[in-house]
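Letters A, B, C and D mark the chains as written, and numbering starts fresh at 1 in each.
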């Protein structure tokens, strides 16, 4: 599925202002951002996309318009959102989240002169000459998280809390399980999902996250990976309450920096997903006039996904992780993307 | 009270409601330092291209959902479960249609029938629990909504179609031959009115006819007004309750179909949720009347479709739309009550005026 | 305290009260002397209840003044009236069914004796002192009508009211209960209480009242001394027409059995003693079978079992030779059974629906109301107009809701509806309860007319005059069992009363 | 009038001393509870699902039950006064927001107060609409759910969106409320670890109830008990309940019905708001959009489940919390174990129907269903996660269907009352 048109993302700092056609102020690039439910400020997925936008704004001065999705959206509403952004003169439009897939596909056809990006989808529905399909190899990052978890665990028992049981989160689960088993074939892995689609409250229910993780800790697990949006906060609280030797792994951004200060020290590491990198690269290319449609896959290689090291809790595993990472990028380890 | 005055009073209510909603919302805007003028400009400006079609599509879905709820209300049953019913039904219909066992239209019709059947069965659980075990339908439908979520999610894993590169899962796509063509007006190249939106019109007519013209409709209303009187008049109240719930579920089963056959062509994790709850508000605004519900559905659709403009053109949180919708619901009923009280007072004054002439003290009008 | 020089207990001056579309009270003047029993009579809808509600502070008058014991007062709520020593027993009881007697009584007057044992003891004391025989711990929904009424009176006494208003207290009572009530009232009067009381039963009014005020169409037309008027004169004051009496005409009873009930048993759903035990009865064409009984002895259950609302554990109901076992209420109605339920508000009407829809109720499957699966609104409206005219239902139009009619007019509509389909059997439970004398006479006439045409009638009534006047045969129901046959021509109300209360078991062995 | 001829209410015959003892609730309730613990112990041993009645599971159940119970108690106060409150969810949401707002500005305890105030504002709106303007109570409740969601989203955007660590959909972290562990907790934990039959189970369950309690949990328990006292033992409660049973009667006795209704709905809102506050401050540590997740509706269901009684309501909330806890904690295996319990119960019910009640059809159906469940139990070893997530809902539904209790709501619940129309 992925990798057909894989480009190595240029590192954010590599692009300098002024290399593009527009300069800040005078004819700044108008950018439309259509966020997923939660929007800017969600300290997670959407915020990561927003960070990419902010960076571009800082680097080469753009004029952003931001819109946030509603949980009761249908395809037509999403189409309308993108369409409206295009009609308002935005030249680059980023659709954050796979639910926009079909909508992007449709609207992009209607506005051939506008460049689009879709995060987390590479299906036929969102294919087009003016669409950048930005996807990530979450399973690879999660594989490393699994390695870190199984290596850190003293009990040989770890856990995974997924927010909502959909294909995307199952990708995290698949990689995590494979990674943990790679280190310790006998590792015991508890898996819980908080809700089922279309009930997305599992991404916003720390009470449930806490209950689930507490259960895992009490039953012997000592590392729990939270791929559960804001419900992850509950997982961190559970780890904190479980006491020393109990860890949580964060997701999407470096949560040891963004989570509530009181729980940061129990975050072993976070599986960072560089949505910001994808967004920034897309905007840079539009700005530079080098945009090309296709699927851009961000993986371990280009730091599209990686394990954060804040807190230094996994410093001891540095070598092991590097070794595994090399094996993955070389293809020696095949990471499954489904459970 | 003469006819014209009564008509005037009836028109006054919705108008008053809208004025109240505008004033209250403006106050909230001012208090929180948001711009007032631009917000109302957004609501009054003509929607973007293609939005009318989308609004009508939404109206159709809200209407179907509203009627499903209204059928229950007519019988004094509070069917909170429309949400679960339509999701189960749309899923079943999508699975069947995706199999393409039947050609073209036959496939569509079979799917529609299946959706109605499944919706009715899912509602039927609540009906049976109520009549046989005395379980309040308020509880059972809340529970069934959640159960529907788990059940569909599980079944979806059994039937999901391969969709390379996508993170959403869905049923097998419906074959092209069974796509229902759009209605021949308000078409743009990215929006149109789903063909099956016509179901809303049909259901509206059928609802009006059944409720106000048929024996069953009479029984339904009678049982809804007074169990005891209905029973004494020979109505089998339990049976009527079951039928009402089944009909409500059958109509709920249709809610997701226009979009399914007109746009999505599969049921999956990105299919629209929450339509059932909208139906409750819409039915209440429309006071369970076939035309009133249509008004409510359109109002809702209009506001919902201006939500993005609000963010884009006025820079105000979409939550404002929810506030306006809620205030509107409340304002409508309060306005009706105030207007009713006004009417009573006017009548009383008239009686006082007529006091000189000896009047018959019989026959008060409520 | 009821000395002659004392100011009047209540003085109402120029009371006017308007409702939408109707003037309920117009310029009413009434003076109630302290320590007397003052009766108020008038047609249905004359404005009696409204006036009393004004006096009790439930409603505010549009015009006029109220003085209590010589002091001008203005009542914002019943609390003010209670504070002035006024108590009221409403026409429709005001009891919370799921509260105990104690809870009902102390509600609003908790300051007096708390809500615990103190209150309970006080209730016991009052109950004994006035012979009310009320158990303070029982749930009100388990009480019969008579007991409920005593609870209502207890509520008033508990608050130390000195002026007691009773709105139609006797409508639901049997003669013995009425006598007891009057005895109580006499006792209260002797102790200095002032009593205002409303009734449609003019004989009993004359029997207990010291003064009678007649209200017609919302205004006072006369205040008379009971010893100097006859019931007939009173009625004429009320309506300007003669007082009709139920009179049995020559028998029209035939040999044709229309309805027969044999060995009917109905167990109690809650597992108590059975509601009906071995009930047998036969009604012929042209016969009115009257059933007397104290409320709550199985009348309602008998009627509802015949109507197919309850399923008996054994026994049979046969209509014109057809066994009705397993028939639905609808099928029974379609087979020619007309039904006038005892509680018109709960069982007889859709209060929020217009009159013409109420005309359809119960006959929605029968021509001309229905055409196949459809309702024929046109026919229903036309026939409603006919009933309104023929039965003198006083209403501005057939589009008003049923709840906006006064009780008597609601009843006439129901009777018109049930007679419209030429039933073979009419099950009539309290057909004239709470109905004024004029309407009562009209209803009796309609029943008699139908009887002449061969109708079989099962008449349940608490009004013994009505029973004796209309019935060809009378049976008494006691604890779910039917007694033997009484001949209305020879039986006295006292005999019936004795049989109804079980005081006399020698009579009526079947 | 002295002769009471109406069929006298018959009380069930009390045949023996044992019966009398059994009908004493101070005896019967503990016995039922111990019986329940016993069954759970057997089940645990048979299935090996040790988490089923661990202290952790019970503690989690309590934590999940508190917000539901507060919403349910709110609903109960309102409906006891005759006002249906379908707007609990909206009031809860308002509680989450204002708990965060108050806590951030004035500290943790202010947050508790804020939660109550926030919910009470929702309650005031509902009271205004239903008591003053006498509009349909369901309409008003639905409107409040929509407004509550909208207003909090809007305010969160305006207020938290500009704060460090906050955002339009979440507040910054909130200060903590204290927690309490009652004495004996350690001892019980030790006993529990041994997995002794029954003893450990009992220890675990008690331990779960006394370990690491948030003060808000304790407050919630106190509120439930206090509600019983206030509503049934005081004059205020009597008057309030009379408004839900027969407001017209209450009016004629001088009760200020509208005042009581108003107060009841305010309290209702405050309680629901407190439930929201619990979610924001105890169950998590910040306001998060959507964190109520429909608990207001579940609270309503718990209230009906409990027959409009605080203790019954609490039992409903606990049942829900418990099943939710075990499905979240143990997932498939524990729920799978419950399946065995369900199969056995259904089988027993079926046999009982046949043998004792002579209802053959029902009995046979129940036996067949029970056997089918048993078959599923033995042929599978876990339950798909999608289905385990429905455990609390299925359980509630099953219990309601089987218990077949006669629920009785306040008689005038939901009816529109106008002052001055008594009579």
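To be clear about the criterion, contacts are C-beta pairs under 8 Å (C-beta built on N, C-alpha and C of every residue); 3 or more make two chains touch, one makes a residue touch a chain.
Listed by chain with UniProt protein names: B = Simple sugar transport system permease protein; C = Nucleoside ABC transporter ATP-binding protein; D = Nucleoside ABC transporter membrane protein.
These numbers come from a predicted model, not from an experiment.
S.K.: From chain B, how many touching-chain steps at minimum until you land on chain D?
M.R.: Contact-graph shortest path, chain B to chain D, evaluates to 1.
S.K.: Based on CA centres, what chain would you say lies at the far end from chain B?
M.R.: Using the mean of the C-alpha atoms as each chain's centre, the farthest one from chain B is C.
S.K.: Hey, how far is the Cα centre of chain A from the one of chain B, in Å?
M.R.: 37
S.K.: In whole angstrom, how far does the Cα centroid of chain A sit from the Cα centroid of chain C?
M.R.: 76
S.K.: Distance from the CA centroid of chain C to that of chain D, rounded to the nearest Å?
M.R.: 44
S.K.: Give the residues of chain C that touch two or more other chains, as numbers and ranges in rising order.
M.R.: Answer for chain C, listing residues that touch two or more other chains: there are none.
S.K.: Which residues of chain A are in contact with two or more other chains?
M.R.: As it turns out, chain A has residues touching two or more other chains at 68, 71, 165, 195-196, 199.
S.K.: Find every residue in chain B that makes contact with two or more other chains and list them.
M.R.: 146, 149-150, 153-154, 318
S.K.: Hey, which chains are touching each other here?
M.R.: The list of touching pairs comes to A-B, A-D, B-C, B-D, C-D.
S.K.: Per the contact definition, I'd like the list of chain C residues that touch chain B in the complex.
M.R.: Contacts found on chain C: 18-24, 26, 45-47, 62, 217-218, 307, 309, 328-334, 339, 341, 343, 346-353, 357, 360-362, 364-365, 370, 373-375, 377, 394-397, 400-401, 403-406, 409.
S.K.: Would you tell me which residues of chain B are touching chain D in their complex?
M.R.: It is residues 28, 32-34, 78, 80, 129, 133-136, 138-140, 142-144, 146-147, 149-151, 153-154, 157, 280-281, 284, 317-327, 329-330, 333-334, 336-338 of chain B that touch chain D.
S.K.: Could you please specify the touching residues of chain A with respect to chain D in the complex?
M.R.: Residues 38-43, 47, 68, 71, 165, 190-196, 199-201, 204-208, 210-212, 214-216, 218-219, 230, 233-234, 237, 241, 260-262 of chain A touch chain D in their complex.
S.K.: Considering only the defined contacts, which chain B positions touch chain A in the complex?
M.R.: Contact set of chain B toward chain A: 48-51, 54, 57-58, 87, 146, 149-150, 152-154, 163-169, 189-191, 259, 263-264, 269-275, 278, 304-305, 307-309, 311-312, 318.
S.K.: Help me check something: in the complex, which residues belonging to chain D touch chain C?
M.R.: 1-7, 9-10, 12, 233-235, 238-239, 241-242, 245-246, 248-256, 408, 410-411, 420, 422-423
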